[in-house]
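In the two complexes that follow, chain A is the common piece, with chain B as its partner first and chain C second.
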Partner chain A sequence: MTARGRVLGIETSCDETAAAVVERGRTVVTSVVSSQVDLHARYGGVVPELAGRAHVELALPVVTDALAGAGLDRRGRSFEDPAGPVGIDAVAATIGPGLIGALLVGVSTAKALALAWGVPFVGVNHLEGHLYAAMLEAPEIELPVVVLLVSGGHTLLVALDAPGSYRVLGATVDDAAGEAFDKVARYLGLGYPGGPEIDRLALSGDASSIRFPRASTAGAFDFSFSGLKTAVVSYVRAHPQVTNADVAASFQEAVVDVLVAKTVAAATEIGARGACLAGGVAANSSLRARFAEVFDDRGMRSYLPSRAMCTDNAAMIAAAGYFQLERSGPTPLDAGAVPDLQLRTSR
Partner chain B sequence: MRILAIETATIEVGVAVADETGPLASVTARPGRRQAETLHPAIADVCRIAMITPAELDAIAVDIGPGLFTGLRVGVAAAKALAGALGLPVVTATSLEVLKAACPSGLGAVIPVIDMRRGEVAWLMPARPAPDVRVGAPAELATELAELAELAGLAGLAEGVGPVLLVGDGALRHRELLERAMVPAPVFGGTALAAPPVASLAVLAIAATKDGRCCDPASVRPFYGREADARINWSSREGREAVS
Partner chain C sequence: MESQATVSTASEEQTRAIGAGIAHFLGAGDVVLLVGSLGAGKTTFVQGLVAALGGREPVTSPTFMLAHKYRTAPPVTHVDLWRLGHLQEVVDLALEEELDEGGVVVVEWGEAAEPLYGADALVVRFDWGRSDDERTISIEARGACWTSRIAGLREALGPGTAGAGTEGAA
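Then we have the complex of A and B:
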């Protein structure tokens, strides 16, 4: 690794093909994301085979764009000095969790680039990548922080003690927060993706009109959303006159209440310097507003990454790859993808 | 001129390096579903055996299918990335062309048949160019074999079309059905010709490169032979939902 510590990150776990170049795990040089959302929208969900096919076509052009953004040609050489050395020190790719046929495209691409350039390959846990999203936009961040990672597949509370060192404090015991948004949106006959639809509709509804349950769980920092989804369905059945806007607002209020309350409790317990939002659901406007307000009230810093950094991107994968390479070295070339990879405490 | 060839269209993973004199080194494995785990170490191994570095290559060859989708994507993604990162062109061949090229000539008509699972095979009729790949149920291939025998009979060839050699994992899998499809019965290639041999791909690619039949890596895509299945995977979704 040169002093510049330039890692090319590649992300293909679901329906975004992304590549980025990040220096020393902190400075985003370039980040390119090609979304397939339109490709899948008419099916109301991600179609794995379509995602796999799209990733194969998009991976190389997206990598080429990212390299160009870092002043490098497709061969990884500087445009000014095409005969010079390769300007990338390592190649990182998401190895899981995600769709197997999608993950394998990124893993195969990254390992081949590493082989061609003679640089290390690093296989990265996608969820660990999300933990660094806030750090990439707020280099002044002081650790430890609590990260609330909320997306369509995951709801996790994690203590980030140092780069590469984290503890999982809690997780959902059933549905992920984003999954609950999506299922309720489908039940209400809203479009796909469901999260933004509910977010928009909730603006015109009364969040206090219906008191949906806030589920308690055995683990202090665990979550449960399946009961809430069931409560929404039975309420709407019993009250056919209710407006979608009121249901959306009240449902969203219940989700945000639980997410924020547990993050505050976790941050207090571990003595965190602040709290970060991460994952696709972190783009939810009500969650962002409440998160900032509640931590402000307690005199704690809150970090709300931009929408581009909340959703899947490769900059976070490159950052995670850099820290992993520093701590535990390269990943062997015989590594594959792990579709059900979990996030576990790192020590 | 040195070419690295990548073969992942069927259950085999193969990598070879060849020059104008023929294959210099090759590695073949049957890793089951572990193509992604096997391919890249095999590329490193083959380069070491051939005593070259990736930077000394002149082109990358890849089998684009038809075959098993996941393996094709692993192989094509690797070929595109290698070629891009090394500034090299890509030579593509279909799995059926490679199988056909692996058969000794002069034996009669060769029909390569690749297993595509889900009750389908892909095949190439004699004297047809590669773009005329047929995909369908084994029964459709049986019908075409019967027609082939009948046409030969009408043309006054007492012996039919001569021996028809069926090769590929699709032929072996549906052997019983295909054996009865024509008279005289076709001859079947053994298990050595079940998967497209990577050395044959490398030799084909050397010839293609000499003829200038190369392409830019960005334009290379697998030849699936079947539309994508639109089944939705709800359980594995992640990160998409609350984007507005």
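Then we have the complex of A and C:
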């Protein structure tokens, strides 16, 4: 690797086709995201076959855009010196978790580029990528921090001790937070994705009008949202005249209460310097406001990445790829995608 | 021969126990279709089923990932069709491969898979009861290999079980 440590990251695990160039895991040179969410909105969710096909169509244009943003042509050479060396030091791609057809597009593209350029390939865990999202926007961040990773498929509390070194403190035992948003939204007859719809509707509702349960779990930092989802359905069945706005606001309040309380407890327990939000649900306005307020009250830093950095992107994959390459070297080119890959405490 | 049975549960634990009771009748290549609205107890049922077959990991919702496979005996693939809108997408999940390899496939929002598997499956319906915690669980054996098991299944569901045409059909 050159001193610049330039990694091209590619992300195709779910909705987004994304590519980015990041230097030394810290500095985003360029980040391109081409969302398929319009395509999926018509189907009410992510459609695996559609997702795979759309990634195939978008992968090369998105990678070409990302390279151009870094001053490189599609062959990875500088526009100013087309006969010169390749300007990328490694190629990272998400290997899981995600939809197999979608993952394979990014993995194959990254391997082909790595092979053609004679640089290392790094297969990255998508969830580890999310841990670095806040760092990319706040280079001054002091570790350790607690990361609350909340998305459609995952709800995790992780202690990030150093780049590449982290401990999983807790996870959902049933539904992910984002899934609860999507399911309650569809139950109320709202659109997809459900998170933004509930967020918007909640603004006009009374968050204290209905007291939905805050589930306790055996593990202090685990989460459970299945009972809350059932409680919402149960309440609406019993009170058909209730307004969607009050249900949305009260439901969101219950989710935010639990997420923030457990993050605070985890941050205190590990002696964290601060706490970061990550994942698509981190775009929720109520969660952001409460998160900032609660940590501010305790004299701790809170890091709220921009919407673009919360949701799936390739900059975080490039950053994770850089740190992984530093710590444990390249990934063999015969390694496949791992759809049910989990995040486990690093060794 | 009567191919249906109905039982009422009063708690999540009881719904889990029904899943555990049915688990012991499952063998290689079996399909179980779970039908019921949001919060009716489908995932809870699968938690009991997977644990009874020796599953150690927590059974989390497969909605986002579409399928979770558990290292049980026989192996259980827990599928969720909530996000899928087209039959072709169910075909694309390649559940046949799991069945051919000796696995059991348990499908939430299973009505979407009826055109593929409905003729030879155990269909389990979940309905909300009178109180918040109460659920009515009805099983329907479809195809010869399931109807031959209905007597044992009814026994596994316990003494409160009713055959169709009696109180359970209400």
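Of note:
Everything below uses one rule, namely that the second predicted complex is superposed on the first by the 347 of 347 C-alpha atoms of A that agree within 3 Å, B and C clash if a C-alpha of one lies under 4 Å from a C-alpha of the other, contacts with A are read in each partner's own complex, and residues count from 1 in each chain.
Assume a contact is a pair of C-beta atoms (placed from the backbone, for glycine too) under 8 Å apart; a residue touches a chain by one contact, two chains touch by 3 or more.
Computed from a predicted structure; not experimentally measured.
Contact with both chain B and chain C is seen for A:152 once the two complexes are overlaid on the shared chain.
Applying the stated contact rule after C-alpha superposition, one finds that A:99 touches each of chain B and chain C. Of the two partner chains, chain B and chain C are each touched by A:179.
By the document's definition of touching, of the two partners only chain B reaches A:115; chain C does not.
By the document's definition of touching, both partners, chain B and chain C, reach A:339. Of the two partner chains placed by superposition, A:166 touches none, neither chain B nor chain C.
In the superposed model, A:237 makes contact with chain C only, not with chain B. Of the two partners, chain B and chain C, it is B that touches more residues of chain A.
In the superposition on chain A, no contact is made by A:295 with either chain B or chain C. Comparing the two complexes, residues 43-49, 97, 99, 101, 152-154, 176, 178-179, 182, 339 of chain A contact chain B in one case and chain C in the other.
Listed in rising order, the residues of chain A touching chain C in the complex are 43-49, 97, 99, 101, 152-154, 172-176, 178-179, 182-183, 187, 226, 229-234, 237-238, 339-340. The touching residues of chain A, when paired with chain B in their complex, are 13-16, 37, 43-50, 52-53, 55-57, 59-61, 63-64, 74-76, 97-101, 104-105, 107-113, 115-118, 126, 150-154, 176, 178-179, 181-182, 193-196, 199-200, 279-285, 307, 311-312, 332-337, 339. By the touch criterion stated above, chain C contacts chain A in their complex at residues 37-39, 43-44, 58-61, 63-66, 68-69, 82-86, 88-89, 92-93, 128, 132. The part of chain B that touches chain A in the complex is made up of residues 34, 36-41, 43-44, 53-55, 69-70, 73-82, 84-87, 217-218, 221-222, 224, 228-244.
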